[in-house]
Amino acid sequence: MLDCFHDECGIAGVYGNPEAANHAYLSLYAFQHRGQESAGITACFPGGSFSSHKGRGLVSEVFDQEKLNQLKGTIAIGHNRYSTSGKAILENAQPFDIEYHRGRLSLAHNGNLVNSHLLRRELEAMGAIFRTTNDSEVLLHLIARSRHEDFIETLRSVFMTVRGAYSIVMTDGERLYGIRDPLGIRPLILGELEEGLVLVSESCALDLMGATFIREVNPGELIVIDGKGFQSIPLLPVTERSAFCIFEFVYFARPDSFQFGNYVHNVRKEFGRTLAREAPVDADVVIPVPDSGIVPTLGFSQESGIPFEMGLIRNHYVGRTFIEPKQSIRHFGVKIKLNPVKSLLEGKRVVVIDDSIVRGTTSRKIVKMIRDAGAKEVHMRIAAPPTICPCFYGVDTPTRSELIASNHDLEQICTYITADSLSYLSHEGMFTAAGGDRNTFCSACFDGNYPIPFDSPEAGTT
Amino acid sequence: MLDCFHDECGIAGVYGNPEAANHAYLSLYAFQHRGQESAGITACFPGGSFSSHKGRGLVSEVFDQEKLNQLKGTIAIGHNRYSTSGKAILENAQPFDIEYHRGRLSLAHNGNLVNSHLLRRELEAMGAIFRTTNDSEVLLHLIARSRHEDFIETLRSVFMTVRGAYSIVMTDGERLYGIRDPLGIRPLILGELEEGLVLVSESCALDLMGATFIREVNPGELIVIDGKGFQSIPLLPVTERSAFCIFEFVYFARPDSFQFGNYVHNVRKEFGRTLAREAPVDADVVIPVPDSGIVPTLGFSQESGIPFEMGLIRNHYVGRTFIEPKQSIRHFGVKIKLNPVKSLLEGKRVVVIDDSIVRGTTSRKIVKMIRDAGAKEVHMRIAAPPTICPCFYGVDTPTRSELIASNHDLEQICTYITADSLSYLSHEGMFTAAGGDRNTFCSACFDGNYPIPFDSPEAGTT
Amino acid sequence: MLDCFHDECGIAGVYGNPEAANHAYLSLYAFQHRGQESAGITACFPGGSFSSHKGRGLVSEVFDQEKLNQLKGTIAIGHNRYSTSGKAILENAQPFDIEYHRGRLSLAHNGNLVNSHLLRRELEAMGAIFRTTNDSEVLLHLIARSRHEDFIETLRSVFMTVRGAYSIVMTDGERLYGIRDPLGIRPLILGELEEGLVLVSESCALDLMGATFIREVNPGELIVIDGKGFQSIPLLPVTERSAFCIFEFVYFARPDSFQFGNYVHNVRKEFGRTLAREAPVDADVVIPVPDSGIVPTLGFSQESGIPFEMGLIRNHYVGRTFIEPKQSIRHFGVKIKLNPVKSLLEGKRVVVIDDSIVRGTTSRKIVKMIRDAGAKEVHMRIAAPPTICPCFYGVDTPTRSELIASNHDLEQICTYITADSLSYLSHEGMFTAAGGDRNTFCSACFDGNYPIPFDSPEAGTT
Amino acid sequence: MLDCFHDECGIAGVYGNPEAANHAYLSLYAFQHRGQESAGITACFPGGSFSSHKGRGLVSEVFDQEKLNQLKGTIAIGHNRYSTSGKAILENAQPFDIEYHRGRLSLAHNGNLVNSHLLRRELEAMGAIFRTTNDSEVLLHLIARSRHEDFIETLRSVFMTVRGAYSIVMTDGERLYGIRDPLGIRPLILGELEEGLVLVSESCALDLMGATFIREVNPGELIVIDGKGFQSIPLLPVTERSAFCIFEFVYFARPDSFQFGNYVHNVRKEFGRTLAREAPVDADVVIPVPDSGIVPTLGFSQESGIPFEMGLIRNHYVGRTFIEPKQSIRHFGVKIKLNPVKSLLEGKRVVVIDDSIVRGTTSRKIVKMIRDAGAKEVHMRIAAPPTICPCFYGVDTPTRSELIASNHDLEQICTYITADSLSYLSHEGMFTAAGGDRNTFCSACFDGNYPIPFDSPEAGTT
């Protein structure tokens, strides 16, 4: 409803647990925010056949007790998807289950390959058929066509061929595999259950499952899990630089998660502190756009001394469907989600903090809403730099022309959103707060420095 | 899932708007937290026939565009219900539509009548048939049996007969009526749309509809709305005392609502401030049990100077259905909803604030969760006095024996929840913060002072 | 889809069986043809509370295993309804469950009261409230208001007051009651399970349940069933005449049922035989409009010696929903249901037999369909007299102006339906074949002789 | 519910009609009896992209107006499927839509390939991945891998490679293709709409669409339909023999259809006549097991002079779901579908005719049901020879060991089903009645003469 970046997926793999599908379900539930349009789980016993269920909607809508019970086995793979995309002919839902010359394979993928269109055309030329528009199908074709005897070698050659962002969990019905691209763009975390091992996109899933954090999968690393435990295989050559998606810290990840060597909460709060130093403002109160704005706002407040208040209330029942009245209601789009606390705002000079401005329409409505509630001044502070470029690494972003900061300067944006002042976090401030630099993180959507070049104009589409 | 008090209902009436049903829907959506088990709307044109739709589930599940479109008319009544109660024979969903000697009537009711069982037995003795276990049916029978020519006199005599808590919206297909009991136990608010007038349980609905707040309906007052505007009729004799449900301030109402002459946010924050003064504690950080604990925690922090942090994260996707794994996961019940931010809690002396302790099981899990996350000390502070008595005025409460504070002293509760210390807000502190005293508010669940006596042991059941 | 008379209901009562609801379900399933719009079952243990489930659609859609399992008890009442009527405000679904001064009552009703509007107005004047537009609610109010101590006397006085067609099953949670109106217009049959007793609208339900036929309930009789068996109470004064609905033989009842002292199949076949004698025709083949036309056609064939053939095939999957193409397809309405067997019709002189002509539009399409398939001549024979009047005794009929035979003579109808000849069964022929005369049967829809006068123009509406 | 052979599919293709999907829907509806478990339609404009919808259930359940409206285009392909088979991992629903080096392809298939397992293993060895267990996927891989420039040559080489029974409709988004295997095992019919051309499995679909029959597609023929009309291409070499599935005449096809050069009705009636001559019996009445038994029974009656009666009534509402009571009811399984007309059977010597005996359990229940209804003698006559072998050409049959006639002689079967006598139609009688001989028809399920050899034991599985 509100304009924002959307993460594309959350993935989970469970090995060696008698309730594998149930734990995959818990993971998908924990990082439901990573993808809300469809969900799927495939399960099996070692050597047994796959059972699978996928559907559109939230995890809690797609699965019920009966459906979960049918997903028997000690191995399971799960997938949350943001966008089911318009392409309705082909069935893009994951995990993606196939049979091929080695037997069976089930794969779930978070990310985006930048050379998949090229590879797809080559594969088609060699006689491959595609049922979906999904990158994963390219991966599976490559795996199936590899002439290597050894499966690890197969994987190595395939992932040497593809370029892009990917965290992958995969099972051949015997073992569970986890792979992360050489730049580590998307997260992938290894954890331990009382019984069994897990691989998940975000650490909050470990907490819900009652699992212990072991470590993050390394860039370019292959983790192979079987009855004996896990084994680390350096699959792909890595360079000194990594390219962890900094937007995970800015927005995607839950504040209670740990990623890229840091607590999300700590980084996000440091964004707020730095912002307070970089763009101070004389004000009576500082309020977040909840919930993603809360943590940086706390940092801002603590650094600046301006009292923190919950000046906007977020409706608990914000859902995916909502019927608008035909007659327009002022700021309706934002009201469904947020409502101001008038007594906090009346006559006040207000700083309001959000994680990003995408199209600007939401920020504009929020500023007006605060002003209508009686604020004397409204100062917008953004706990990240301006978003100026689309992401081609698995995040659903507006096109460049829709990104307000891509073609407007600070003053113009400030005027558009009708704020009294507007400031963004600096690039340096962001990197430092996140504990790294330009060679640690991908920050392409903030600066256009794409860590992986893409050769075709189609590259960016999913 | 977590143990708590449940409000029973939210009601809305719309008059003179071409999209009356749509606005009723918006109201129900805004105060969905007042009742999540079923929802219903009845609509009509003045003089036209009623159309009605009811169903189980959230407002957004019960209604879709097609169903709303069928509810044509400029008058509408809506109802959110917490409990559909076990009594499946009889159809308790509201609004309640009937035909009788005057024509048609549709009624929605928030509250509970304490003499309804008696009245029902009398009505049955006179030949009445009942299809539901609902208080509202008693009201309708009384209205239908009244011998008064005049409808207002009818209403007066009926509401002189019943005793209890009630806010009611009602239409005879011509006018919209709003009634509040003589003690004003349940809220009811009058507002103005660009086109038409509305009556709603909670003011946040006005904000979503884009309506202006006019005023609260007074205790004992009848509001009659027709094409000429609204008319105030003093229906029932009132005394000096009122009995506004103080639990609205403690928990039910959204912080952005205005009720009983005060902003909920302000009162709730003052609860926190007072608590900080009454029960100070030496600590490093104070955290809320979100979301209801946030506002008092801000007050506590501001008063005490202990830094406020979001040490517990509330999952956005907490729904009504969730599949538990068969193997127990530590604190699972609470984990589904809340997750600690470890980096904030490790090695800290933590104050955690919630609005109430009902059975104690949830608080116990929360304390343990915080301690497991590394807290050195965990001090629980409750922004209200101990809840020791059930409510008979329309709120779904556990029985006295289930209320931990009803039969355990402070120390015992503190031991049970495994906190390092525990304190509640004082009664005086609560009243003062809410801007009144024992004669302004009902506080029966905190002190057993029931403002309306009830004569039968059945009284408290719905 | 095709134009026809619709029966209004089928009812069932089960007593003393551990799977009472399941047997009620079987009954509703067996006479699903009596009402396809909604279905409901109420069940209880003697002295226990009612559980109930109702819904729109076929019995197999409304109930599933889980829902049936919830309907626990050894007593059950079921109801199939044809029309849910447009009146959506009020909830007309049956069985109708109430509480009143004697306790509980659940009632299901097949028929129509001709003085219910009058009674309703009187009841309303005395303070009754109505939630539905249903006759049954009038009955329940009358029962609740009766001043008789004795329940049997209560029933007697109530049913002395109402006039019309009714077969009723009812339980007070202790006993099962069956009542048939003094003219016996609607059927009601008593049967015996291995365990327990049953009352059903149509005997085919006994067969499906594996029950034995005991006898039909008599006109004016009350059957009371309890743990000791059944008891017959002559409730209402009866005259010499009865008024069994002859349309049951013509169309409603399944041919495998036994009603009004005769096998439906035998009567229906005799209709065909008589028709062959009364309206002979020189032809090569005689075909039914399946399925209702099959039995009379067999009679016609056997009497006339003209070979019987299945010249029209009835699609097994005729459902309630069907999406028509926007472009018109010739005879589409009928094609969805029926398709000719060309090889049987080409070049033939064809007699086609149906049970009735209502609006004429269907017969017209059928004649054309047969002719398009190559028939040289098409002779229509109807195994009943012309339907000229609406029914006010519980059958959903078109208004007089829509009944083609009401305002057109034989020749006009024949021309309209484009048949080469058309004949109907004579009134005498029908009575004789059915084993009675004008004093045995109601035949009002064929001759306007209404056995119960009705005093208001509203009488005929439900 | 009753034991029988199940057809596997019905297929339809529409070209050049503005309501192409709607006409495909009508076809699926007309031959719903060919597959009741799932249904799917893919539609497009020439050169446009595919839209597709598939689901489980009857055609009328899978599609509604909204879903059909989304299937825009003048080309459409539809598919009814009997078995969704247990293999839930892979998505077997058709039509099957892919992208490959030539562009897009959508294919629907009726039949079974006997060398698909072999081909599949070869394709896998060459790197193909499979998402389903479906034969169609093999076809699509072969098409995609063909090195022929020309599409027709591609099809020729692919269909020279596969062996088995297949009727196929297919579109590349530009043209519509229809193909029938060289033995013509499965039917495929070409028809003409007022606007456009159609290909359907069964001619009753033409009648419902208002299309004209052009001719059957020939064995080994490829029909290519484009804007200029249709073109016939002899795709595959054919021999003198054909192998039309004789079971279509015995059971599958609707009697109003025309297939393999004959009217189904005529053939089926001749089965009955021949049976009367081959296996005469002294009896009072001959009755069908409706509906499939009706036509042969008419033949039997006409030939033998024994009067035809509808002694068993088939419930119109036989659906796919039904809840059985826990307590057993005598012959329950059959009663749900059939009920005897006692007055017709009492004291009679009855001949009962069905199309086949598969496991024998149903026939046994039917014989008992007739006897329980009072029949003095029950003689079973089957209007086909004994079914002794499974089908490997696209029909879902029990295994050999489940086919009662496969391992019991006539007398044993007669004893098992408790009939007074039992006779089957002779093989010669069947062929003659069907207008051909062993070289015209496949009759493998009756005699084990499989017209296409299969090399692996897996061949027979779907």
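Note that the chains are named A, B, C and D in the order they appear, and that numbering of residues resets to 1 at the start of each chain.
Please note the rule applied: contacts are C-beta pairs under 8 Å (C-beta built on N, C-alpha and C of every residue); 3 or more make two chains touch, one makes a residue touch a chain.
Since this is a predicted model, take the numbers as computed values, not measurements.
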Remotest chain, chain D as reference, centres from CA atoms: B
Centre-of-Cα separation between chain D and chain B, whole angstrom: 61
Centre distance in Å when chain B and chain C are each reduced to the mean of their C-alpha atoms: 49
Whole-Å gap separating chain C and chain D, where each centre is the average of the chain's CA atoms: 37
Multi-partner residues of chain D (at least 2 other chains): none
Touch-based graph of the chains, sorted into line, ring, star, complete or other: ring
All pairs of touching chains, each written as two labels joined by a dash: A-B, A-D, B-C, C-D
Residue numbers on chain D that touch chain C, as the complex places them: 18-19, 22-23, 25-26, 29-30, 32-33, 58-60, 63-65, 68, 194, 204, 207-210, 254-256, 258, 263, 265-266, 291, 294-295, 298, 302, 307-310, 313-317, 319, 321-323, 325-327, 329-330, 332, 335-336, 339-344
Residue ranges of chain A touching chain D (in the complex, touch as defined): 42, 49-53, 70, 88-91, 96-101, 104, 124-131, 137, 140-141, 144-146
